[in-house]
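Next, two complexes with chain A in common: one pairs it with chain B, the other with chain C.
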Partner chain A sequence: MVIEIKKFGEVLVSRPAGREAFLAMSAYLTKGVSKDEIIEIDFSGVKVLTPSWADEVITKIAEEFKNVKLLNTENATVQATLKTLREYSDLKI
Partner chain B sequence: MKIISSVDNFSCGICSGRGGIIQVDKNFNIKIKKYICCHTTAYGSGGKTNMKQNKKGNVAVITVIIVIVAITAGVIGWKFAKKSQAPIETKTVAQQPVVNSIDQNQATAQQEDGIVYKNEKYGFQLTLPKEWENYKASLVENKTYGNIINFQLLSKSSEYNTVMNIIVQDLVSYNKMIANCEGKIGEGTCYDYNSYLWGKTSKYAVYRIGNEDFPEDLMARYNQISEIEKSFKVIDSETAGWQTYRNEKYGFELKMPQDWEAKVETDNTNSFGTENVAFLTQDGNGDSFEIMWIVIIPVKNIDECFNTPDCFIGNEISKKNDFSFRISRGDVGGMVPDKYQEQKFKDIVAVVKTFKFIN
Partner chain C sequence: MTAIFKEAQEKSEFYCETRDVFQARLDRMLREFLRSGKADETNIYLASAIAGEIGNNSFDHNLGSWPDVSGIFFGYKNENNNIEIVLADRGQGVLKTLKKVKPEIVDDEDALKTAFTERISGRAPEKRGNGLKFVRENVEDRKMHLLFSSGDAQIEINAEMKIGKAETEVGGCLAVLTL
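Then we have the complex of A and B:
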């Protein structure tokens, strides 16, 4: 399954907005999906990603599913955010 | 939950004046067996400051009891000694709660690591230590507060005594009670209930204040309660007992907690044709607030809305018949006290997972 992050906007900031995005995903994307399924998170089209937004979405998806892959992470803010999450939020991907 | 009670609580105020078992053997030697009274409160035993005073008082009371009992026993002994040599036993039975009914909703299963107590009605289970093998559980109904489940064990005196009682209260009245006690902790029956909470099922809060009264020989069992508390497990499904909200106009439904209510709001402040279903619940003060919205907007108006600063429509969860169904959270912006944030968010996640179209 591929989750296109750009569906939630191009500028992804704040925890409330991140939680809301996670909620929407829970309702239509990840509902009933097996914990073992491969989840691909696609960052293409994202202009700004912040650690607060990503911590509410990426970290939670990584906690819920065993096989999570990140795609198109070239954007500098995406790179920096993922680095921060790995260091401070125990993100294992 | 921290259990503050200890043997020192023997002198706690709530239990002062309670008696013990006074035994007179065949040689007219008198033995007094103490009852242990344990009451966990947020403020400690409450008896510590008066400990010395109470001890002095206890000595005086015990001395008087000994004298009275000795005289009584002497008279009784003189009267009946010739008839029988059997020992005379006088008991002061500790006050027990009135049991209205035996708990019919329980089931137990012996496992290697203990005995599983399962309560289907309230949707939780506990693992009791092996030493609780012969326990009895009974339900005391209480409409004002929650129903109480008393766990009783056999003491050396061959009597069942309540060693642990836990309260099961429906979430609506539990939340009201918390709200009523806001800023009044310590007054009347206002305890810091959340610190006594063992857990919540979809419909009930399960907690233990601790006001048990039992003989000293059951103290070791009482000390196992913290272990039992850790074994608390919810066995009902996340949404069991929830109410169903149906929207016939747009043809969808979802499940939501009993204390939520839905309210349809037509947004006339813009020209995007949005219609919102607001879901309301209560915060810690008993005030209603909007916890989430399902926003319904014609698909053709989405782009225009995105380009308008004040048009906020959340994230899409589904599309049907040219309408986009979207989710927007309300539990932000300081409306919910921090301690409720996580639970509220878990509720919202569970609710949106139940969203589905009818037909």
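Then we have the complex of A and C:
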């Protein structure tokens, strides 16, 4: 399945907003989805992403599912955020 | 703080009493900077992310503990392709926040160094504490300039990081980002 991050906003900066996004995602998008299914996280259309928001969403999805792929990560804040999460939050993807 | 000053501050267009107001003004800043078409687009996105991290930190670490006035000051300008973003709060400051989880921190300079270089959060046991590392690395990588003051200390980040005494003591936190 594909999760389009832009559907949660173009400027994604705070932890409370990230936590809310993850809860909504868990209730409406990923509920009942097999832990082995390929989850594609699509960042196209995202303008500003921070480690605070992404740590509540991307890190948690990566902990929950075994096959997570990241798509369209060209935006500089997406790149920088993923680098920070890999370095400081043990993100493995 | 006198009632008149408090009222003036709260009516200011720069005052964000809640996180929602800050988010709305951050969105507006991004739109205005992009519309100007002058500054580098990548720098604008990264500067917005840096401002977002610093501004939200104020709310994250002072929720329920604001000493007097809750919320933050958030101002910005773009003149002749020179962008300046200012964020400030009247919160507890970095030292008081981090001393709860790392009692061996001795002073404001030590607290700032810890905040910007170590994986630590005043909100332990929650696993967080990556925001200011993100701020430091991207300010350095993009050769922006950040002056961040808290208590009697300041940290200056450009191509490298310098920590020292601040010219003026800051009760909470003050950040000035230029690019």
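As a convention for this text, the second predicted complex is superposed on the first by the 93 of 93 C-alpha atoms of A that agree within 3 Å, B and C clash if a C-alpha of one lies under 4 Å from a C-alpha of the other, contacts with A are read in each partner's own complex, and residues count from 1 in each chain.
Just so we're on the same page, contacts are C-beta pairs under 8 Å (C-beta built on N, C-alpha and C of every residue); 3 or more make two chains touch, one makes a residue touch a chain.
What you see is a predicted model; the values in this text were computed from it and never measured.
Once the complexes are laid over each other on chain A, chain B and chain C both fit without any clash.
Once the two complexes are overlaid on the shared chain, A:Ala21 sits against chain B while remaining clear of chain C. With both structures placed on the common chain, the touch criterion links A:Lys31 to chain B but leaves chain C unconnected. Looking at the shared chain after the overlay, A:Val13 reaches chain C, while chain B stays out of its contact range. Across the overlaid complexes, the C-alpha centre of chain A sees chain B and chain C at an angle of 90°, to the nearest 10. Put simply, more of the residues of chain A are touched by C, taking chain B and chain C as the two choices.
Once you line the two complexes up on chain A, you'll see the smallest CA to CA distance from chain B to chain C is 5 Å. On chain A, the surface touched by chain B in one complex and the surface touched by chain C in the other have residues 16 in common. Of all residues in chain C, those touching chain A in their complex are 19, 23, 26-27, 30, 42, 45-46, 48-49, 52-53, 56, 59-60, 119, 127-131, 133-134, 137-138, 141. Taken in their complex, chain B has these residues touching chain A: 292, 314-318, 326-329, 332-333, 345, 348-349, 352-353, 355. Those residues of chain A that touch chain B in the shared complex are 7-8, 16, 19-24, 26-28, 31. On the chain A side of its complex with chain C, the touching residues are 11, 13-17, 47-52, 55, 75-77, 80-81, 83-85, 87-89.
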